[in-house]
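Across the two complexes that follow, chain A remains constant while its partner is chain B and subsequently chain C.
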Partner chain A sequence: MSFPDPIAVFRTEAAELLEQVETGLLDLNHDLTDKEQVDAVFRGLHTLKGSGAMFGFEALAAFTHHCETAFDQVRKGIVPATHDLVTAVLSATDHMRALIEVPNGDHDAVSETLLAKLRAAVTAAGGGGAVAAPAAIAASAAPNTPAAPAAPATTTYKMRFSLPANSMANGTNPLGLLDELRDLGECRIKADQSSIPSLDMLMPTDLYLTWDIVLTTEQPRSAIDDVFIFVMDEMQLDLEVVDVPSAPAAAQPAPAAAPATPVATADPPAAPAVSSEHAPAAAKANPVADAKQAKSAENVRVPAERLDELMDRVGELVIAQSRLSQLAGVSGDLQLRAVSEDVERLSGELRDTMMVLRMVPVTHLFGRFRRLVHDLAIETGKSIELITEGETTEVDKSVIERLADPLVHLVRNSCDHGLESAQERVAAGKSETGRIYLTARQQAGEVIITIKDDGRGINRDRVRAKAESSGLITPNANLTDQELLQLIFQPGFSTAQQVTNLSGRGVGMDVVKRTIDALRGTINVVSHNGQGSEISLAIPLTLAIIDGLLVRVGNGRYVIPLSAVEECLELSVDEDMRSRGRSFISLRDSLVPFIRLRELFHTGTAPDPFQKVVVISTGSERVGLVVDQIIGDHQTVIKGMSKLHHDVATFSGATILGDGGVALILDVGHLVAEGQHQEAHLRAAG
Partner chain B sequence: MRPTPFCLGVPLPSNTPVSLPLSLPGQLTIRTIAAIQEELLSALAGNGSIILDIPEDAQADLSFVQLIEAARIYAGTAGKQLSLKQPASGQVLEVLDRGGFLQDMAAEDQRFWLHERTVQ
Partner chain C sequence: MSEALRKIPDHLWDGREELEVLVFDIAGEMFALEAVKVQEILDLLPETTVPGAKRFVGSVINFRGKVIPLADIRLAFGMQASQATIDSRIIVIELDIDGEPTLTGIRTDKVYEVTTLLKAAGEPPPSVGMQWRPDFIDCLVRRGGEFIIMPNLHRIFSVHHEHSATGSQ
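Then we have the complex of A and B:
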């Protein structure tokens, strides 16, 4: 039996916590009076500190403690939340990531600088020096509720609580909670071990215990809530009042009377000795938490690599099923055919289910750009608003991971080059605040991610001049508008007159192009002078299995992604002869360039008498591919090309066919570009 | 990779009651608990009786007490014996106390953890 490494689990949880803290901070930055966000940030920092200390990340715990202290002051209303404070803690979250990644690194100087900023922000907000004060790392959530003005009454509570199974792994220390309860008054605590499984079934970092507690306290009920403040959302707490509050002024030995009520060990929770007049007080502490807990239990966290493994297996199954179909077709055995059809249906459903499992919403991807834009606004001194749409659009997880870097470059570029300064914008009759729109939507088999700004637009003259001076194009070269705009993705290309921290070094946009090409995606650029630019990335929804059209060219078989196929036509011998040297077909009054794959692949075979043209498109551009035979549709499990073939642009991958043969998958984007180039060349030649 | 080495005693001849001392490391917390579980499982699989030797100055948390309770259940169902070389002391005893294990403790648990000693 193998268990996940607790340190690795902590790192994952910590990354999620930091993401939540960051989201809370960014929301708070919009509305500094949002108490809910203040609490959320405080809770996140507190949990991070506690779990960091538990897993030996002492530097992280010590550093986070100061941020938590600052937010504690905000929470208690001692200092107001300010933009400076939010920014200081945001910077601190980056450092926390570093402290998690390299816990034993030399972080002192950076820590001190960030804490100085934090102290300055707290002081400027009107707070004391609490951030600077050396404080113990241990959580001290002991109730600091003010003493009751009158003589305090004692109440006896009977409670039973349990924490989520992963709470210890998340850094919650149940013993600390029990200690805090003891601090409230006279306390009898009994651990219920009945849920502990046998050693071979035990997840050692999970918590299986429940506690039955009888507490007699002078503190108000809210003091108990304070003890559980950080776990309230997820815990299970049943709490009942079992003894009437009694004033000591009545000279009764109340404290002694309460503990005399023993905990019924045989039947602890079920038989509360509640008198009927106090029955209404006996209620579940937190029904909302129950609902949340039930909801969270519906989700299972699965490591990404296991999904990849499962995907590989499904891919192998699809290939095996393809072989079975072929054998069944040949054999003529009706029973075998029936079984084969069943397997085909089931494997298709399994494939679809698998694809859904791998799909994740782009919310998380978009979420990180809020922080980026926040930082860029500070760095550039511009007022920038990020507007996101379509965050629920789902994309294959591997695509999402690879899209992050290109999007960072594009958003940086929009902020730095696209948007004008506030003065320029006002002079141009625009609002002072520049807007960046980040949207996602699905379209056919693709996800379209668009980065749009309302800035100055791309200066085409400058692009052309720069391209000419760097030898990318010949002087006065005849380029379409799209070709000209696409030059910004050439390596080493930058029109920025000033190199800034953000962009202008000519590094980045070519990386965008390379990454999108590798994802079999396309980039489309639209720009209007003075109105802004829009860059759309069209990416296939998945990189694992696609529906393909299997064709034969010479003796080889090839797969064309079905999502790109518009129609199939027959190329008669006459038409073939007529089109020689031109390579155009007339399709509903428009000329479509075509490529003879037989010639492109140098098959050395004679053309079939009835060749077919498969018309493929990417957006508005079309090209025909002349093949010898269309075999039919094919569920294509994409296998990567070997390192030796990584620079072969015509193919995006390979697949294994039912008979064990290999078919290469055509790179549609590349072929369309090739066709368009051919068309432009022929048109230019007259 | 085994993160923490353990000192298993030398196996006794098969015709004598097998009672192996298993020296536990000084770190008995959630950080090392998975490794301790594996060691305990393999020790119990090969022997009829295990005597756990917990260092007096061991660092312990709730996960350790929970693990030992799970090991007692495992040993009970597998017809094996598990015991402590010395009664719980130091941080282990502290965890038992703070965690509410000592409250109304069953006689059998007292024998196991405290060697029938009464804790004040």
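Then we have the complex of A and C:
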């Protein structure tokens, strides 16, 4: 296993940070007073700046610095958060992505424009542009400690500060923090060396010191918190307020005093204010820190390909295990059988666990649509609200990745075509804000993702007219409602009267259809005139495994996806004889064409005396497949076929059976087409 | 025959003077492939025929939990398939097909040894007098009294990849 490239690691981390910042910004846009989000955005930007500089992304660090400064002012309450500011920083995050992608490119012009926008937003919001830091702190002092008198009252704090032993390995520099404390006022720091071990036990990279600090400052308590803001989760800080800056107090060994306990009360106006402010802060900070720690312990970043490798190994194990149980079954050795059963159970569990490992919640996928809708709302001048539901629904990772593009098309379409302008909406008696619902839920082996809007709905007459004019259907063709609506997924189809920046070029919807087909999913469209439309994508939970029906044709074994199977019946000798030449069976009241797989595959073997017909369906078409034997259902781990076999359209993949043999998976859609082709051929001949 | 084919291609030796190769037998001829490209040598495995595929890659095998195609170079050269013998082996190599690294099995009649071939002993394939298509051969290398054929797998597989209809039943 190669050591991961640090730059690549930084990129992944930066992408996550940016996403975090973006989420924070969007949340902030909803509630501009949300202090927590302001802090989250600030922290994200700060970390990005720091690690950017560390990995040599100087341009990124410099650019991010300005955004961070702007948010610092928001955080300190000098500048209120405004929608303009949020939008400016949002577009700045896009630029940051570019800076990460091409660190050495020519970005100066773009950077300047964005920064000018940012400055304008800050100025408009009431900030004085670049505000000097000390002034900012002084200005924020008043609102933060309302009980404190306006005159600069000094307070003396006694602190005992320690960090975990490994914190220096994470890049934390405690001396820097102490320097920052010194900047706040008169400060006496004493290092407690009692826990330094003897030299032979000493790890040079570990931190053994604890500091006792006495700080006399005019700054409010929050200024101290700011110093420690980035180590808050891991540090231990006991803080007391003392009024007299006396030397003996510092010399005393600091007891592990409970935080927020005001020891002295000689300064009545300041002390209660601080303690009352501190107590809730501490109570609040702790759960947050706990949650954070729990979160970082839960997640391990693993490259997807390693998961795939592991999956392959598990597949091999399952196969080896089934050979073992075969042997055990034959030998009759009870002990061997017991072991074999244990191995069987374990490998089955391992496989199940493996499947779960690949599942990720759709939160991640839905997250980016908030940004998309935000941008689209600005672009179209409509007021749009995105409501997401069921973000915890889990889907196979590879499915999620491939769903992103189709969903973008669908959401864009809803925003652009589906939703009316504000005036139209009001005229139609709807609320001014258009709503788009993006929901995910699980339903029996499938995940259903729905994009619903409350717009004008699909205009069926226009769809029909357009389809007729472009020759997709014959004039006055008799179509069901669903068939008509499905026409929008035909290549080159678009009912938009004019091409907009967003959509209307007719590319996109057919891409949606193709991608969903490739995922073995289905699309369902519901539309009510004037009330909106709803597009549901039903996608199998995983690409890696399907339920299949294992059949034998000649000497070969094949898997038919169980989801396509309607029923199985026996092809009687009579019927077999009668149907020679026309290849139809009557199934209840309808005629169903069938394909003799033995002939299609040129097996050259004699048919079994009792052949079976497996009736499969692809939407409206039904077709029977004549096989020699139905072996049973089979949990099929799908393996792709190599490019050398991409020309063989009859099969969509292969799988490995319990005995180590390979069975090919039939591509149902293609077989139906093939059957019809063969049918037409026969008709033409006869 | 164009002159280009009469040169020993540079990509094979890549500036090296000698090459470590795996020598094997197909239809009585000695072939060699660069040893580092060979992943594994397998005994014959149960094969699964892929109906409708080109005969040259007419089946797939289970190679350690992966389904990989099994190619018969003989058929690529337009020769008849032969019966498996006790010496038959499958060589698994990684090929680049349309930019995608693809594990592929190659059926051989016998695998001899890993040996070192000298660039100085190499010469371009003769344009006539061979039962093997010269454009599928990178070069011949003399060793002792024999010639060892270095096949151009890239060309063999890409030709068959492009002309998907050829050779199918």
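Note that in this section the second predicted complex is superposed on the first by the 386 of 686 C-alpha atoms of A that agree within 3 Å, B and C clash if a C-alpha of one lies under 4 Å from a C-alpha of the other, contacts with A are read in each partner's own complex, and residues count from 1 in each chain.
The working rule: a contact is a pair of C-beta atoms (placed from the backbone, for glycine too) under 8 Å apart; a residue touches a chain by one contact, two chains touch by 3 or more.
This structure is a prediction, so every number in the text was calculated from the model and none was measured.
Enquirer: By the touch definition at the top of the document, which applies to A:Pro197: first (chain B), second (chain C), both, or neither?
Expert: Only chain B is touched by A:Pro197; chain C is not.
Enquirer: In the superposed arrangement, does A:Pro6 touch chain B (first), chain C (second), both or neither?
Expert: The answer is first: A:Pro6 touches chain B but not chain C.
Enquirer: Would you sort A:Ile387 into first (chain B), second (chain C), both or neither based on which partner it touches?
Expert: neither
Enquirer: Comparing chain C with chain B, which touches more residues belonging to chain A?
Expert: Here the partner covering more residues of chain A is B.
Enquirer: Kindly classify A:Asp179 by the partners it touches after superposition: chain B alone (first), chain C alone (second), both, or neither?
Expert: Touch partner of A:Asp179: chain B, not chain C.
Enquirer: Please work out whether A:Leu207 is in contact with chain B alone, chain C alone, both, or neither, and reply first, second, both or neither.
Expert: After superposing on A, A:Leu207 lies in contact with chain B but is clear of chain C.
Enquirer: Using the superposition on chain A described above, determine whether A:Ile229 touches chain B (first), chain C (second), both, or neither.
Expert: In the superposition, A:Ile229 contacts neither chain B nor chain C.
Enquirer: Show which residues of chain C lie in contact with chain A when the two form their complex.
Expert: Going through chain C, the ones touching chain A are 46, 48-54, 57, 60-62, 64-69, 71, 97-98, 100, 102-104, 157, 160-161, 164, 169.
Enquirer: Tell me, which parts of chain A touch chain B in their complex?
Expert: So the residues of chain A touching chain B come out as 1, 3, 5-7, 54-56, 168-169, 173-175, 178-179, 188-191, 193, 196-202, 204-205, 207-209, 211-213, 263, 265.
Enquirer: Hey, which residues of chain B end up touching chain A in the complex?
Expert: The contact residues of chain B facing chain A are 29-31, 33-34, 36-38, 40-41, 44, 61-63, 66-67, 69-71, 73-75, 77, 95, 98-101, 103-104.
Enquirer: Can you name the residues of chain A that touch chain C in the complex?
Expert: For chain A paired with chain C, touching residues are 312-313, 315-316, 319, 556, 600-603, 639-645, 647-648, 650-651, 654-656, 660-664.
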